[in-house]
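Once you scroll down, you'll see the structures, which are given as structure tokens.
The same subunit A turns up in both complexes below, where it pairs with subunit B and then with subunit C.
Now for the complex of A and B:
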């Protein structure tokens, strides 16, 4: 049988302080009071070095284990990691100047103009990047005069692009009356494509496979690519694959709010199991809309605006290689339409039911990954500690099941959970940022299994009052290779 | 507390007044519950939503406080909130909400 495994993963962050003003929340509020708010926001943005040294970001790219955050005093932004590297075992933290150049490489419709004076700096930044230095950077030679950029901004609905406070380019609309092709939407989509491509490029390197060996790409980003007749129509999976030269792959987009990555992984697992595809990439790019989402809370506490990074994730699902942790096919937990909306019934569906099916107890799972939002981002804005609440719910289920006493919930959380470390980028915190850590820990024999539990808020789209959720478990590979490759 | 929920509370107050209105909050996280409670009593602390600068002084309770528990049929309460009693720190929540109600009375 074609038993599937997650062979490799990549986790990347892109530091984009110049785009925080274009996050949904900041852009709406700046519009209301541009003169007073924008300078305040800018005064609270971090430098690239500060973003690299930030402990949760170091956990995200794999230089620190999530447990390490328990030993760092909060606020974490006041306790930077010494000698922090922008590169980690799962990916990197990319600076804005490299990302601007990469966005131009991703631009197939001349949507983005870059300033002639800024271009040499942007090109040089990208040329020194190990993953892109051998790529044709010809698109970066098509820079334009600053006066033309300013003219398009003033007269044609183009949006200025900022880097270190200066205009270094602009994004154009591609139709005068099509809201799906206006500059802000195209910018959001292009950023999702570019950050997804960066995650995929790292994945190929981490997995040590050629781009042309991938045969299917499933994109789980939160963008909505399309035009006025098919808003959200899709196509980003293939756009990302094309940028990374996955020439023998096809692909499509999977939409499920924050649960998107897990749905995409479930489908990848099923398609590998069936033998229809052999090497499937699940990839998610970052969300411009969520930059600065909680900035009000951060300003109120005079903290830096921590939502200044885009996230990107990619996973490679292949047939059993005899080494990588196995995905238990009987482990998938789902929140049925008729399951009920109480927190208890949701968590029972996602955790207890699949564990019972496998003959396991809650305490048999060494580590749970839940929605892993960084609490430093959310607590300061009054949105609470999302992972902690989820872990306490799993602990409460263990109490109800007679596995632990109610007084042991805190210990359960400490031993089976972890502090949140993911940027609040919607689909990015959806349990899967722990996959890299889990795969390595299982391979090293430190843990025997890990369960991934993601939840989504379907009601945000106003088509149903339902919530959603999906879960699965990975465990140590017994080492027997399956056929079919 | 998001602006949409603030708008709903404000509309309710505009429609029926504050006299017979009590707000019951369900957030399990004590900090979230506190911010939400303060928003409907003393106004939006972030000054971003419809309740910015609007001090409604509505009495607030948490769903996990005994006063609310006693007012709800026990089977329904157990089904909808029993689990969250285990999850949440009910003592801390009770303390926070009592303090907020005391502040409403004092000011």
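Now for the complex of A and C:
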């Protein structure tokens, strides 16, 4: 009766070169050799224009189709897109000066101080943004003297905030001995909240609905909001919703490593199907920790540090509207606790089993979205081409099933896969950056269906050796006669 | 060739995961003293 659909998507990037030094990997290595490494990192950061022109970033916000990357010579950073726009059909690429102002708007505890000298520039940047110009920007009037900022940095554990090489503010801790409330953790959480709110604001615009029409928000960001007694306790879903004025929504956080967005979508689909909620937003903000994660490989190749953007995603799940692609409720693939951990057994669980259940073959799915990490980021650092590895495994399963010949795997990958185009932001590349493209292609009749396959690395938390994964399929909506209401 | 040897296993999420390597090592007679899988993306 309440067949669910994903009605709208938003995909956003935020260019934050001033925060690359605070990514987990750069910050640890800078600590070891502060005088020599930091200038080298800064010399390899991109300008905002370079980040906007970067072909994978244009794919992420929807100005280019993923297939377009096949026709652009690599390295892609040497082949910028001419006349590239920061805005696309799914979202935007936001510059750092706007994001700093937006972070201050997201700050409900005066955790962040902004410099009096820098504030006019930051406020002006945000005032010209179509989504925030009508928001109360009063918090941006509470700037402080630079001497007070430097004093807090030197004496109270505050962290300097940089923009174009200058200190423009600082982040404070909120407890002297609580590691969960130290400045670095609060900065990470505030950035996830702010980028999530940007994604949600775009989603509301793309879906053309009012904020007060949303009744549930599920946050799938990779952060751990809480204090010393409840590290990772959550609350970011409602914090993001509050910032976007979703006053009639409640919400909670879904945690599942990189596969979090798919778990959140599965739960949204179930809750809409049951009739408990009508308009559910799944939202994920960006990960500060993963900025510059592969910077060593990039420096070794004398290429720009490409992990200089935060990602943000949001999806709206509603009752069948007769237009948006349907989510097949019998399509969900899961990786059971008792399943094996080999690549083959994981992909059999996530791809082959659900397809057999639906009476479909591997080649019946027009497009597979796997984890879509940009290979230019990972290959240069020796971490391989993740999407290609996964596509080849699905192709190999098609060979085992007698659907294609072994010599046809490359063609299968080209026709049913796509090059990776997502920043390495953990949960952000988890197949779902293709959702906007897939919804549009299905609506236009270019493809009839698409399958989304994501995996999670549960073993990273050292509580189990298990992997994880989840998958689902969307297909063309036959129209209202299919049982929508 | 692994009989009586102590082995430390490093697996990779997108390659061969640690438990799969450990199972092979044990079958080959090794004593697995540590198994870790890492994610490099």
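Basically, the second predicted complex is superposed on the first by the 480 of 485 C-alpha atoms of A that agree within 3 Å, B and C clash if a C-alpha of one lies under 4 Å from a C-alpha of the other, contacts with A are read in each partner's own complex, and residues count from 1 in each chain.
Criterion: a contact is a pair of C-beta atoms (placed from the backbone, for glycine too) under 8 Å apart; a residue touches a chain by one contact, two chains touch by 3 or more.
The shown structure was predicted, so the numbers you read here are calculated from the model rather than taken from an experiment.
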Thinking of the overlay built on chain A, is A:424 touched by subunit B (first), by subunit C (second), by both, or by neither?
second
In the superposed arrangement, which partner chain does A:271 touch: subunit B (first), subunit C (second), both, or neither?
neither
Quick one: classify A:352 as touching subunit B (first), subunit C (second), both or neither.
neither
For A:342 in the superposed arrangement: first (subunit B), second (subunit C), both or neither?
both
Touched partner set for A:389, first subunit B, second subunit C, both or neither:
both
First (subunit B), second (subunit C), both or neither: which does A:455 touch?
second
Who does A:467 touch here: subunit B (first), subunit C (second), both, or neither?
second
I'd like to know which partner A:122 touches here: subunit B for first, subunit C for second, both or neither.
neither
What residues on subunit A does subunit C touch that subunit B touches too?
342-343, 383-384, 389
For subunit B, which residues count as touching subunit A in their complex?
1, 27-29, 31-32, 35-36, 45-46, 48, 79-80, 82-84, 86-88
In the complex with subunit A, residue positions of subunit C that touch it
13-20, 35-41
State the interface residues of subunit A toward subunit B in the complex, per the touch definition above.
29, 296-297, 300, 342-344, 379, 382-385, 388-389, 392-393, 395-396, 399-400, 406, 409
Subunit C partner contacts - residues on subunit A that touch it in the complex:
258, 340-343, 371, 373, 378, 381, 383-384, 386, 389-390, 424, 429, 455, 457, 459-460, 465, 467
